[in-house]
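Pasting in a structure now, in structure tokens, and then I'll have a few things to ask.
Just so it is clear, A, B and C label the chains in written order, and each chain counts residues from 1 on its own.
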Amino acid sequence: MSAALSARGIRAAHDGRTAAALDALEVAPGECVALVGPNGSGKSTLLRLLALLEVPLCGEVSILGIAAGPAEADRERLRRSVTLALPHPWLFVGTAIGNVERGLAARGVPAAERRERALRALGDLGVAGLAHRDARRLSTGETARVALARALVIETPVLLLDEPFAHLDPAAVPAARAAVERRLAAGTAVLAAAVDPADLAGLAARVVAIVPPAAR
Amino acid sequence: MRRRYLLAVLALAGCGREPAAPAATIRLATTTSTRDSGLLDAILPLAERDTGVKVEVLAVGSGQALRIGRDGDADLLMTHDPEGEEEFVRSGAGVDRRPLMFNDFVIAGPAADPAKAKGLGDAKEALRRVAGSGAAFLSRGDDSGTHRKELRLWKAAGMDTGAAWYRETGQGMGATLSMAAEIGAYALTDRSTHAAHAAAARLPVLVEGDPALRNPYSVLLVNPARHPHVKAEEARRVEDWLTGPRGRSAIEGFRVHGRQVFFLLVGD
Amino acid sequence: MTGEARGVLDLVLSGSPEVWGPAGLSLSCAAAAALLAAPLGIPLGMLVGAGPQRWRRGLRALVDAGLAVPTTAIALVLYLLLSRRGWFGEAGLLFTPAAIVLGQTLVALPVIVILTADAAASLDPRVHWTARTLGASGPRRALWYAGEIRGSLVAALLSAFGRAAGELGVALVLGGNIRGSTRTLTTAITLETARGEYERAVALGALLVLFALAVVAAVRFAAPRRAGA
């Protein structure tokens, strides 16, 4: 089966220093790969590059077999097949459910269907009750769960999760993991980053270790 | 949504105006002296009542008033610059020029009167004394009827106005008088503006009565043949009123602090 | 209280049309100008602050230049265009409130653009990343960003309103200071000062300052976290 997400020879730079490096990576549909490395090893930078949010210094990223070129219009189209959940998520002004619906609204999903899918996504993560709360007033754990629901509900073929369970209450983790597993079963390729590989145990089939650039 | 926005904006723009303007409104371009003396405030409401035409007063210098007439941005003119007015009509920009009234200019100055000009009946001599005394003289310097009159007087007096004691404010009569009162300078002013001005007490009239100081006003219509959009019919109605018995009696009856400042001209 | 101060207070409190007429016109023209400038200024500001790189620097230079143009220069250019012999003379707008609104819109525009651009440029990068990863296209992203800086946008409109209400050149040259029609607070102050009617001038000036302070208070309320507000 060809890879849903593949990367080769990636180098990213910040202020003239190498910020992140990834030689080769492939994630197949339905597979979960863990990206593990200490703080400062460049995991978040790599995920953003793989999500096509930034352009690497060199290297190639391919989504569903299509290589991402420099042209912004092409990248925008390709971006629609991959969703990234940030480690410290940003929720927009409005309600929790309004946030979850945003990605669907951007894809032209009609209102009724948006609402139904969003509610279900919030329910899967155990925060259906927060649907109409002001997104700015949620606790860290609640914010993380709403943001995760927002990423999962779009159901893109590729899903990138940066520290998905780090800010969750321990009691909330099983539901979150189950939600991710459901996406995997549906054929989504998942790449999840964590400092501690134990966070993703049982979920990730493979572990790719990221070494801080300075140590290379 | 967008339409509501636009309507709200237009409504806002309109809501500062006074309500329910009468059927016809014309624009009168005139000089600051007729406004600042209070004459127009006194007689225009009477004209409006009798003719049904509301008159918007655009008060600028005579020079600009004639130019505004030439450009077609006003319907009726009331100015005090005979040479400019004659040229205006000759060039076809205006029609139906009718003499209306005159007021007179006076030379006002500091009460201390360093130039010893007080009581002189000869304006030219007074100006010579001002020039010789070293006291300051403030000119409007704005190409208005008053300014042009003033320049003609200096020329007749044989004086050069390039020296340091001669300063140009570039502003209207009121502003110039305020400044003259502040710095203790002499100025040529029309009696009506001076009489109505709050600074009159500190800047008394020193020289008056010289026939050379007479200041005739005329009304003219902007030529509708050249500017078809001009409200010629309504403007003519107002012009007729002003030069007719009612207008003339209103002008003659106008007082500033008990003094008559505008005098009727018997028609040419 | 001195006689003059009492005179000023009487003028203001008695609802004198010589004072409140210009006040109403100043407020309505400035408000109309801010609202007309907004649909153009806000998107332009978003472009300058958070748009594609290649547009930003050139546009920003243009807008900075716009802010530097003196209002009297704007007034002069519009006067020549709106006069009957000018290109847009047919509309007969010169010496009407509409001409003042037009001029003040041009005065308000750079203010709105720059304040919007500054707010958009200081958006948390996470906002950009999240909007892009959720699949929002350019225009939709601009809309989302505008939502995130709502308070700053309101503050921008208020600041533009304040600038328009307080300026003199445009109102005087394009309006003509016609009593009952185009006399604003600023042009009326000029006139009353020139006439030596200082009580009236102070009454008008007091209202102008009051409105300016109200705008400042409103801006602080709308965007309390803005740096230097």
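The criterion applied here is as follows: a residue touches a chain if its C-beta (ideal position, glycine included) is under 8 Å from a C-beta of that chain, and two chains touch if they have at least 3 such contacts.
None of these values were measured; they are calculated from a predicted model.
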Out of curiosity, which chains are bumping into both chain B and chain C? none
By raw count of C-beta pairs in contact, what's the busiest chain pair here? B-C
Provide the C-alpha centroid distance between chain B and chain C, rounded to the nearest whole angstrom. 33
Roughly how many whole angstrom separate the Cα centroids of chain A and chain C? 44
Rounded Å distance, chain A centre to chain B centre (Cα mean): 77
Where in chain B do residues touch two or more other chains at once? none
In the complex with chain C, residue positions of chain A that touch it: 48, 51, 53, 72, 76, 79-80, 82-84, 86, 88-90, 92-94, 102-103, 106-107, 150-151, 154
Under the definition above, what is the set of chain C residues touching chain A in their complex? 52, 124, 126-130, 132-138, 140, 144, 147-148, 150
Contacts from chain B onto chain C in the complex sit at residues 5, 8-10, 12-18, 27, 36, 41, 56-60, 71-73, 171-172, 174-175, 177-178, 181, 196-199, 227, 229
Note which residues of chain C are touching chain B in the complex, please. 17, 21, 24-29, 31-32, 35-36, 39, 83-85, 89, 92, 94-95, 97-98, 101, 176-181, 191, 193-198
